[in-house]
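Submitted below is the structure of interest, expressed as C-alpha cells.
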C-alpha cells in the first residue's frame, strides 16, 4: 500500500534546510557564510543571507551551493558591514526550484522589514494558505514558510513579539524559525522540537542561533543551550530573552537527525551524533551478528555505525569502499544506466581489501534500495565471497511530514517489500535492520514523557496529528499500521 | 526653486516601460520576445515574460537587456509551447534595482495565478500601499505595480472582470496595464490615456495588445485600434470584449511620447511620430529662424526634427555628428571627466562636414544640458564657425508623475536657469525652444475637450490631481507656476 | 561561373579587423579600449588587448563584443598600469571561431615577448605556412597572422627592426600590422596600402597608430599622417622613426572602405568618408535619375549616400525606414523564415512616410540581395506605390583577397545574375548601380599612378598577383573577365 | 639551508596532472570525462579534452574543476561523436595560470594535428626551450610540455612513431605522455617510471591508458598492465603495439604516489595503495609506539594509515576529526588568520570522541606544518589530554623535480627544523615519522635493481641527474646531504 502525498514527486531522503542567525557582531554576513558552510549538508540547491546594514535589511540569495552564490561575485561584498544576519541553505523539492523560494524570505513594508528562515514543514500549510488567500493575501513563493510572514503581519497583537507568538500558535508541524527585523533576531522551535536548534555565544558575548553545533564550532562560538520545544528566543541589543509561545510541549526530535542528517561532530540535546551512531552499530551487531571476515562501511555517512559494529564484533573495520572527493556536480541524468554510473563515479570498491573476504556491509539506512544494490554488486565484482548487509536503523516504511522530503511511500523499498524480497533485490547474502528499541536505546535520549524521539518512519506512531496530510494517510490508519497522537 | 520628490534620485529622462501581450497563438512567448525587442528603447535594465503553458503561468525574468535575459541560456526555451503571454521591458530607477521588481509580476494562489505588466506611475501609490499594509498585505517588490494585484485580490466583487474594474477605480495616475490569468488577457488604460496602448491582430485573428504600433509590425500584426482612456479590454478564447471601468475620461497623452520616447515608426492616436517630429522641426524653424549654412541633428532621436527644420528652411541637412552603433555597454562611471568621454564614445563630429560652417544644431529636448554642452564643444573643435542650438520641444521645467523617471526639478536646466544662462552654459551662439502652442499644433491631436496632450512639463498645467506627490509640489502652486485640474 | 575559394564558407561582407596601438602613455590599455570601441564596427566576434606592465607583456582576450570581453569582469583591471598596448577587434570566419585566433597574438620567448595585431589577409599564407611547418614550426592558431611571428623569429637578421623588415618582404596581400615588444611598437602597411592606417598624437606628444581616424578622436589624439604603403614605423621611448621595408609601392586602397566599412566620420588619405559617400549619391543621381517623390536611405550605412542622392535631385530625403537601436544580439538561426524576421527586427518601414509615394530606395551595396528583397517588400507593405532601388557602388561580382571576408562568388547576386534578373528577384520597379568611373570620381583619390583604389570587386582588375588563390580564379582569367597586375 | 628553484613560488604539495586516453570507442569524450572525474584529485585548476571527430581533433578546455569546464555549457556536447580522445586535469602553479597552459595542448598543421597530455616535469626543459627558440620555435604556452611537440615536429625521422621516439630520447625527468593524432594514440613513460601509468581494456576490446587504475574502474575497463619505464605504446585501429624508446630503464616510481597522491583504490605496479598505507601505519606503530587511548586519522587522506596504526596497536580507531564534504570552493585569501579558518571550515574535532583522551593523531605527511598545528590545537580545544602525532612517511626535507609542485625547501618544515623544534611548533606532546626503510618495506615494491622507489624527498638520493635544476641544488651536494645517480 503506497501513498503519494499532495502530488509531489520526491527524489530521495533529503533534509530541507540549515539555518544560522547572529546579532550584534562585526561582519555578520561573513560569519553567517562560514556558519552556513558547516550546514551545507542540510541543503545544496540554494542559499541566501539577509544582513542588517545601517539599520536596513538587505537580501542576497541564489540557486546552487553556498560557494556558487557567495564564493564568487559580489553577493557577500554587498552585505559588507552587516551587524546582524540570518542565513539559509535549502534543499528545493522538484517543481518549486525558483529563486523566489530561496530563503531567507524578505518582506518590505513602508515602515519596516522582516526576514524569515525556516527549517521544517508545516502540516496545516494548505488550510492556512487557502484561508489567507481568501482574506486577500498574495503569495510570491510556493514555500510554506511564507505563511508565517502573513500570519505575523495580520496579527492584531501590539508588539512584534506578541504578533510572532500569535502566529506561531496557528501553525503546526515541524519548524525551527529564525526571524530578523531591524530591531531584533527571533528564534522559535515547534512544540515537539522536531528539528535541532542550538544557541551559542561568541567571545564578545554576542549570540548565535543555528541548526547544529557544528556551525558554532566553525565560527568560534561556544555552545550555550539547545532551544527547547515551544520557546521563542529574542536577541537584541539588550541581550537574550527566552520566552515560550506555548507550554504544551513534548520533545520528540526526528530520529533521522541522529541516523543520517546531522553531522557526526554535532551534539543534539547533549548526545554526540557520531557516538550515537557508534552505539547504533554496536546494538546492530548485538541484534544481528554474522560470521564474516571484515566490516566495510559506506563512506562517509555510515563510517560511524560501521566502526561501532566492528568494535563490538572484533572484526577488522576495512576501507573496502572509497568515495570520490569531487562529486558536487555531475551532469548525470536519471536514467537507470546513468544512475548506476553516478554511484560508480561516487564510490569505488577496493579489490585488495575485499577480494576473497566475507564482508559485512554496514549502511545507515535503505530508502529506495538501488544504491545498496549497486554497492553489493561492486563488492562482488571486487571479489567479495559473501556480502551481508547490516543497516543501522529500522526499516523505513512510513512518510515524514515534519521537514524531510519523503512524503510518499511509493518508492520506499521497505514499505513495499518483505525482508526476504529486499534481500533478494539488493543481491545480499543476508540483510538485517536495527530494531526500533535498539535505535531508541542507542540514542539514549529518553525523557520522563517517553523516548524523546520521533520514530514514526519505522513504527507508524506519529507524535502529533498531521492535519492537511491526514486524508492521504487514512488508508494506513484504516489498516491499523499508523496512528497519531493528539497535540500535547 | 528646485524640488526633489519622495527622496528619489533620478538619472535622466527615461520612460519606465514597454509592455506586450498576446492570447491564443502558437509559441506566444517567442512572439512576445520579438514584440519586446521592438520596445527595447522603452526600458533596458530588465525584461520578463510570463507564458501560459498547459493552462499554467510560468515566469522568466532577469536584469539587463532583453537579449541578455532571453537571447542566451534557457529562459525562452523554458516558455516553449506557451499559447498566451505577457512581457515587459523595464527602466529600473536607482535603489530598486532588484530582480524582484522586474515585471511581469506573477502571483500564485492555491486556485489560480495572475501576472501583471505595468507601464506608468500611480500617483496615490504611497497611500494605497500604507493602507494595504495596515490591512495585512505583504509586498515582495518595491514597485507600485504590485498594488493592483492586492486590490484585485481583495476586491469583494464576484468575477475577475469585476474585481479588476473595482481595483482600477482605486488607483490614480498613469497606467497601461496588462494582466494575464490562465483564463484571459486583460488590458486597461488610465482615464487620461497618459501612455500609448494599441491593439493589433495577427493573421489568424488573434489579438495583441502593446505599447507601440512598432511592436505590431515586428510580429506581423495589423493595427486594429488604440485602447481608449478608461477602457478594460478582455481577450480570451471567445475573442475580444471591450468595456469601460470608468466613463469619466479625457484624453491627455503624454506629449513626451511624441517628442522623445516613442519610435518614429509608431503611430499614436493616428499620428505618426516621425511625421509629428518633422512638423515640430518645421514649426521650430518658423518660430526661430537663423542665418546659417547647414542643419545637423543629434542622432538618432533628433533626426526627424532636424529633417523638418532643414526642409522648412531650405538649408542642407548634414551628417555632422555620427553615432557609434555599439554603445550598449560601457564601463563608465559617472565622474564629470568620464561623462564627457561617454558622450565622445557615443557621438563623433565630422570635420569634413562642419568645418567653417555656421551650424544649426537641432536636438529634441534639453534635460540637464551637459550633453548639449559636450556636443557644442565637439562641433567647435571640428571647426564649426557658429553653433545655433534649436530644440524641438519647449523648456522642460516641471516634473512628471505619470510614468517618466523625472520627478524632481533639481537637475532640470530649464527649471533653474534663464534662457540667457542656458545659452552661455552650453556654449552656443544662440539657443531657442519650440513654443507650447507650436508643439500642440505640430502634433495636431486636438480634441473637443482640448489639446489631447499633457504638456505639464513645459507649462505647469497638470491635467489631474497628483495625490501623494501634491505636498512636494505645493511651493510651485504657491508660486503660481503650477496648477492641477480635477479628475474628469 | 561561381567560385569558392579554399573551401571556406562565408557569411556576408565583413571587414576582418580593427587595430589600435599606443606607446608611452599612462593606462595604455584603457586608452586602447576606448580606441577599439570606435572600431567595433570592423569586427564583433572577438577582442583583445596586450599591455606592457613593468616591462612585460600581458594578454587579455575573449570572444564577443569588446564590452563583453572588457566591460565586465577583470580583464581591463588585469592590464592596469600598462604604459604601452596594442588591441584588436576581430571578425572571425566560421570554422575558426576559437579563442586561440583572437588577437593580439602573444608569443613568449625565454628572453623576450612579441605581440601581433593584424588587419588584412595574406595571399601567400598557405605556401608560407606549409614551408614553415616543414621547417618545424608549430602553429597554435589557424590565423594567417601567426605566420609573421614565425618569419620574424626565424629571420637571420640581427636587430628586431631588420628581422621585421625581412619578414614583411616575404608576405603578400593586404596587411596593416601592429607589433609590440617590451622595447617598441612597430607599424607596417602593405605595398598597396589596401587597408587604412593612421598615426595620431596625444597631448603629451605620444603616438597612436590605428585603423581609422575615428579612433583618434575618441582618445583625444590629433591626426598626424596616414601610414604610407611599404612603411615600417617604429615608436619607442626615443620617439617615432619612419622607414620603408620596400620602395616598390603603389597606393590602391580597398574602395570598400569608402563604400561600406569605414565610419563616416573617418578620413582616409585626406578624404572624409561621409563626404565621399555623399558624392557617390550625387553621381548615382546623375547617372540614374528616376521620376519619384521621396528618397529613402537604408539606415545607418546608406544615409550619407541617400543624402547625396536627394540633394542632387532635389527630392526630399525621408526617414521611410527606421533601425532598431538594440540589435547586438539576437538568437536567430539562419533559416529563410528567420532571416526575414531578423531583417524585420532590425528595420521597420514608416507607413506615414512612404504610403502612396514613389520611393527611391538608396543602399550602399548589394551582396546576396536577400536583405534588399525584404526591404522592398516592407516598403510596398507600407504603401509605397513604386520602389526604385539605387545602389551607391557598382555591381559586386568578384571576390576579395586583401582582407574582406568574401572569397567566393557563389552567393554574390551580381556574379550570378543579370541586372534584369536582379531587379525581378528583389521585386523593385527599377534597379541601378553606380559606375566604376563614377565611384572613382566620387572618392576622388586619383594619383599619378592611377585611381589609388582597388576596384577589383567590380571590374575584375586585381592590382597584384593573388598567389595561393590564383588557381581558384583561373576560370575567370580564362574567361577574360579577371586580370592581375604584377607586383610594383 | 633553503633553496628556491627557478624563481617559482609554490603553494603546497600538489601533483601536477592526471591523464586519460582512449581509442576506438563510441563517445570517447564522454568516457574521458568519466575517467578524468576519477583523477580529479590529481589536479583541480584546469581540465581539457581533445576528441577525434570525423577524423579531426577538436579541443575543449577551461580553468577550474572538471565539472566547471565540462559539467555545464556545451563543451562536452561540442565533442559529441568523438571516437578517440585524450584528457587532462591540471594543477597550475601560480604565475602560469592562463588558459594557454591547460592541456591537452593541440597543434594544427596544414596536413595534420597532434594533441599532447603530460603528467610530470622535464628536468632539462630550460635548456631545450632556449635551444628550440634559438632555432626559431615559437611557444604559445609557458608549459614544459609543449617542448615535446616541437621536438617531434622537428625530428628528421620518417614516421610519426620514429619522430616520437627521437623526441622522447631528448627529454629528461618525469613524464607520462599521451599523444593523439588523427591516426593513433601514443603513450610513453620515462625511463624511471616516476609517474604511474596503466593500460586497461573495455568490453569491446578497445584500449584505455590512464594515470591510475581508479579511472579504469569508473569507465568499466579491466586492468591489463602497467606501462613500463621506457615504453612507447601505440594504439590504433590495428590494436595495441608495445615498443621501447630506450632500454636503459630502472623503475623508481615516486614514493609520494603511495604516500599521498594516488587514490586508495588504485593499484600501482601491483600494490594496492590503501593496503600499502595500512602497512605504513602498522610499521609506524612498530617503530614509534606510544601509550594512548585512541587513534585519530586526519580525513580523508590519512584514514588508511591510521587504520593500520590502530590495528597494529590494538587501540580503537576513532572519528575524532570530521571533514566537511563541501570544500571545493572557498573565497579564502591567504592571511594567517584566514588560513586557520580555512582549516576549521574543512575539519572539525569531535568533543564527544576526544575529550579526556590521550590521542595518537595520524597524518600522512608534514609539509609546512601549519595544518598540523591547527589540528593539534583543535583536538586540545575539544578536550584531548595528550596529542601524539605520528606521520606515515619520513621527514620531507628535499625538493622534487619529477612532477610534484615542491621545488623549493624554503617552506618545508623538516628541511629547516629539528624534530624537537617541529614538535614544539605544532604543539604536540610527541612527534615521530616513519623511517625510509620502513616506508620501502611497507610499499614492498623491491626489485632486483633496488627499492623501485624514489625516496629523494626524504634521503636526498636522487635516482637521476637533474639537469637544469642542478645549479640550485649544488649547495646541498656540497653539504653532502644530496647526491644524484647517473642515467641508467
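Which chain is which? They are A, B, C and D, in the order written, and residues in each are numbered from 1.
Here, a residue touches a chain if its C-beta (ideal position, glycine included) is under 8 Å from a C-beta of that chain, and two chains touch if they have at least 3 such contacts.
Chain labels with UniProt names: A, B, C, D = Amidophosphoribosyltransferase.
A quick note: this is a predicted structure, and the numbers were derived from the prediction, not measured.
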| item | value |
| --- | --- |
| Pair joined by the larger number of C-beta contacts - C-D, A-D | A-D |
| Label of the chain whose CA centroid is most distant from the centroid of chain C | A |
| For chain A paired with chain C, centre-to-centre distance based on mean C-alpha positions, whole Å | 62 |
| Chain C and chain D: spacing of chain centres that average the CA atoms, whole Å | 50 |
| Whole-Å gap between the CA centroids of chain A and chain D | 38 |
| Chain A partner contacts - residues on chain B that touch it in the complex | 59, 99-100, 107-111, 126, 129-130, 133, 135-142, 146, 149-150, 153-154 |
| Contact set on chain B toward chain C in their complex | 34, 37-38, 40-41, 44, 65-68, 70-72, 76, 214, 217-218, 220, 263-265, 267, 272, 274-275, 300, 303-304, 307, 311, 316-319, 322-326, 328-331, 341, 344-345, 348-353 |
